[in-house]
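In this document, chain identifiers A, B, C and D correspond to the written order of the chains, with residue numbering beginning at 1 in each.
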Amino acid sequence: MNIHEYQAKDIFRDAGLTVPPGGIATTVEEALSLARTHGLPVMVKSQVLAGGRGKAGGVKFCKTEDDVRTHAGNILGMDIKGHTVRKVLVTPAETIAAEFYLGMLVDRASRRVLLMASAEGGVEIEKVAVEKPEAILKHAIDPRFGLLDHEAMAVALRLDPDVKRARQLADAMQKLYKAFLAADASLAEINPFIFTDQGVGKAIDAKINLDDNALFRHPGYAALRDLDEENPSERMAREADLSFVKLDGNVGCLVNGAGLAMATMDLVQYYGGRPANFLDIGGSSNPDKVVNALRIILGDPNVEVILFNIFGGITRCDDVARGIIAATERMEIRVPIVVRLTGTNEAEARELLTKTDLVPAATMDEAVQKALELAGK
Amino acid sequence: MNIHEYQAKDIFRDAGLTVPPGGIATTVEEALSLARTHGLPVMVKSQVLAGGRGKAGGVKFCKTEDDVRTHAGNILGMDIKGHTVRKVLVTPAETIAAEFYLGMLVDRASRRVLLMASAEGGVEIEKVAVEKPEAILKHAIDPRFGLLDHEAMAVALRLDPDVKRARQLADAMQKLYKAFLAADASLAEINPFIFTDQGVGKAIDAKINLDDNALFRHPGYAALRDLDEENPSERMAREADLSFVKLDGNVGCLVNGAGLAMATMDLVQYYGGRPANFLDIGGSSNPDKVVNALRIILGDPNVEVILFNIFGGITRCDDVARGIIAATERMEIRVPIVVRLTGTNEAEARELLTKTDLVPAATMDEAVQKALELAGK
Amino acid sequence: MAIFCTDQTKILIQGITGRDGSFHAKSMLGYGTNIVAGVTPGRGGQTFEGKVPVFDTVKDAVAATGAEASVIFVPPAGAAGAVFEAADAGCKLVVCITEGVPTLDMVKVMPYLAERGVRLVGPNCPGFINPGQKAKLGIMPTNIVTPGPVGLISRSGTLTYEVVDALTRAGLGQTTCLGIGGDPVIGTNFMDALQAFHADPATQALVMIGEIGGDAEERAADFVKANMKIPVVSFIAGRTAPPGKRMGHAGAIVSGGAGTAAEKKKALESAGIPVADRPADVVPLLQQIWKR
Amino acid sequence: MAIFCTDQTKILIQGITGRDGSFHAKSMLGYGTNIVAGVTPGRGGQTFEGKVPVFDTVKDAVAATGAEASVIFVPPAGAAGAVFEAADAGCKLVVCITEGVPTLDMVKVMPYLAERGVRLVGPNCPGFINPGQKAKLGIMPTNIVTPGPVGLISRSGTLTYEVVDALTRAGLGQTTCLGIGGDPVIGTNFMDALQAFHADPATQALVMIGEIGGDAEERAADFVKANMKIPVVSFIAGRTAPPGKRMGHAGAIVSGGAGTAAEKKKALESAGIPVADRPADVVPLLQQIWKR
């Protein structure tokens, strides 16, 4: 789950990081009031779950109240990569003497939390990673001992040889790690971590992605979810406990297993079609789950055909077939459905399908081809 | 630093342990008001930094408001092992279906935090340790991994084979460890941890000793110090950064080094005297520190002689002598002072002392013997 | 032979009385897997399916039965704890089937396993099956496998079954079919599995089913190129996955332009590993390059 | 010879530019100790006393000078961090002089040292001095020691000097005088030190200065009885200490009736180790039982 900058900053504050104050405005008037509270100049920063906000014009420096009026007015309602800006963070503008990138993520290779740090702060780190990878320092943290003082300091001294600043950087890294663990994050970034003209270190931007698998340990985080930011079909899928990603094609896919679901999408494309979605319905043959999945997919007006691709595995295919039939009987379906069922009791399952409008198929390839024919491709 | 039960309970609550509510009363009226708030029956518990409060009559069950009046009245002002009761905790009385001891301390031998647990809850654990040591289960916690689920559960199942209760016990152990670490404790105990008739586990008593060396990390804990509980001379010593323990003899001792200070006390006793205190003035020859030390010792009317025992070591004895002389010149001293100084520039130091009223001595034994003579023993 | 275990390996099941655990324990027993014990706290002393003794703790189970490997079917909140327990009790192989385990729990468990020389498979994986040993440690369907010389590694579940089924239908039996799981932090990764297969003389050909995200396939390609002489073919799922979106598996995500199917295909092919365009092409590709 | 180090051991000092560090570094240098480097972050490139190069990190110092041991003089809040750093940089011997280190910091550091085979002396200790090697790692006064055959272990500082001084005055020189420190959790305890002296052929007699609290002396007594043939005498401070009060050292406390001087005396005497009533009796006692 991704959260907004202002929410991430709260988590950083709890871990002891120095973060400038600020408030959230949903109207120009609120933004003005916050600017007065915190004192000009301020930054007005769009709060949307998308990167590149600055480049899109969603982050503005405001010297005067007129600036706040103009920029907050422009930013609220703005579209950034398909996300509508509904709120802005108004926060005092800081003088910037130096800026750094500090980040952490779970590293697959070392199976540890990886500290990443760079003196190339304030720019897109992905760009740095590609163009100047040696500018990113990395340290894999031993979970048994945490990020030790000297480890953080060794990285910090390479970022900035000034000891006073290095100590602040090292301290920020350790607190970032603390925040990372406390939040069960999968990614946490400060970009940039700045020093003011007075030499005070601050996190003036914040990004945290949370581990969905760990949300059960953080009941409070449910409130951080911005429902406005979610695609309605993706929200329905999340609430129905289905893995779903909306795409822009016309072939709705219901598959058991994430790998097989991706392979199914790939096969649709292989045969010249375009998948409407990724959807993993899991191992269950529960008609309710199938109904939910169908509802989500049929909510997309582009969908012209539905393709079930089920590898029975341990669950029996006739059970799955019965689940699908029950589900389709409980709702109006406006498009043809192709069903591919393989595994235990596959013949019985096909027998069941013959009594319905559902179009049976024996293999993935056959199923995809039939679906594309029915989609009028 | 030792803290009160009610303060320890707050730390336990922060770590997620289930602790009954309650409030602190310093008068009978306040106790009555708290009893009404929480609902009868309640326990009225003396809050003093001493063990054996129950045995001393400092913990009472109150069924009626009259009980609260009587018991709070008796307990407030009561003396428990030299501590005057100035406040009581008023907390709902719980039904007790079973009680356990859960404790943690830093174990010298394993150099780890040691979990101790016993089904013999609600009684003095020191007594259990002597009389029935096999009734105390122990587990040294690996600091790299913490108290793991299965480790806590293995201990818990030996305390109580009922899985539901064992899970609560294991959970309490893990939270106790969390509290121990969070507080930088040297000892943390729940005695007893109970199950109510409804099977709910609760920590109904709480004890935490804090590591003095770690107090600098916990600025908030300064507020937990109960100045009423401190002997005035011990408080002065703490504020002057001196290690001091009040004793009941007449020979005031000022020694550099804790081991030598103990050995000096022992030698006073060896020669038939009684030390008035333990005091380690550390390695410094700073007159201010000596003045503070003298002031603390002279605050004790029993003191009839003062004995300096200084092994010069690296600091020069003449420097130390000058410090002592400067200190004694800055204040009125009503008793004779014997000074033993050994180490570098020992002769120069003795030379300096001859110009004063201070009585020089060459060895520990000589110094103690002279002091005892002067004390009129 | 095969990798990780034989028909002699004594296996226990943590969470054997749970909904998933009992279902799959029956299937594993039915296949002939050498299950010697089950563990469910509070159920110690019971017997599962009339033959498998149940214990309160893994330690008790190991002491009583000499179990060497554990398969874990406990809910996500307790999964890492179950891995710790199995490792502490002396199991040298732990297969964690549980889906939805917090990633940092796995980060924490890894050095504990390393210190004790314990191999973990998973979490969030179908486990593995060694048809020649009648050993199934996990949830793979038994009816699609058959003994033979082909090893299979996959980050996926049902997609694996699809390919295994095709292998079996083509008369190509398997030494071990292994699903390593789709989470970002897993005990046995592509490379670890490759090394195990490399050390197994019975495995004469290898199928690797990869997917988008991470660089496990790229590193596997390097290893194959440098070390392996047997034929290896591959399939990568997720060509059509949009960047930045998690495709079911927590690990299946293209981020910052890295971990794409195209990159992986390129790396594999440049290591001499043909990559099938469709799952159905995997077996023909293997047959094509395999000079038996 | 002696224990823990020789005149060849290359030593660095963490916190060499601090108030205490610089003072004691000068004393150590003056004694002839083989100090090859100092460490203070931000002072890299400077030179201490015109001859010892200073580095920003221990890693840099070890890389440049081959230092093998470190003596730590940094404030309590950074002391454990300094031990971690020294161990990580490859120092196999670390002496931490710092007083007032939080106990749990030391609990955390211990397994890190164990994994790397690092010996820690201290914290909150005077360190040790090997007169025959002109090696001083700590703060012991050099004018009271002299080379010879007696080993000395103590939990104390100045009380140790008292006894060492008496030994020297009696013509009994020392192999190593070691103060292990008075904290509850220390790197080298009585037993560890005993084992080191036991392995040192040059040490022909041993003095142990104990104090109240814990059971280190009792366990030491068992070890001496079981293993050592050289004469051993002891003194225990704190006979008059009231129970439940911490006597300066965090570890010097009689609690729950355990750790008393009387108990320790009994354990030592029953292991054949005479216990002196006064510090001044230690040397005569030793002379009495030592058949040279």
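We take it that contacts are C-beta pairs under 8 Å (C-beta built on N, C-alpha and C of every residue); 3 or more make two chains touch, one makes a residue touch a chain.
If you're wondering where the values come from, they're calculated on a predicted model, not measured in any experiment.
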{"item": "Centroid spacing, where centroids are CA-atom means, of chain A and chain C in whole angstrom", "value": "27"}
{"item": "Centre distance in Å when chain B and chain C are each reduced to the mean of their C-alpha atoms", "value": "55"}
{"item": "CA centroid of chain A to CA centroid of chain B, Å", "value": "52"}
{"item": "Interface hub residues of chain D, defined as touching at least two other chains", "value": "108, 111"}
{"item": "Multi-chain contact sites of chain B, meaning residues that touch two or more partners", "value": "144-145"}
{"item": "Pairwise touch network: line, ring, star, complete, or other", "value": "other"}
{"item": "Chains that touch, pairwise", "value": "A-B, A-C, A-D, B-C, B-D"}
{"item": "In the complex with chain A, residue positions of chain C that touch it", "value": "24, 27, 76-77, 100-108, 110-111, 139-141, 143-144, 154-162, 165, 182, 184-185, 189, 209, 211-212, 214-216, 219, 235, 237-242, 245-252, 256-257, 261, 277-280"}
{"item": "Complex contacts: residues of chain D adjacent to chain A", "value": "41-42, 56-59, 78, 81-82, 84-85, 88, 108, 111-112"}
{"item": "Of chain B, residues touching chain C in the complex", "value": "144-145, 148-151, 153-154, 157, 162-164, 166-167"}
{"item": "Residue ranges of chain A in contact with chain B within the complex", "value": "144-145"}
{"item": "Residue ranges of chain A in contact with chain C within the complex", "value": "106, 108-109, 111-113, 126, 129-130, 142-144, 181, 184, 186, 211-214, 216-217, 243, 245, 247, 255-263, 265-270, 275, 278, 280, 311-314, 342-344, 363-365"}
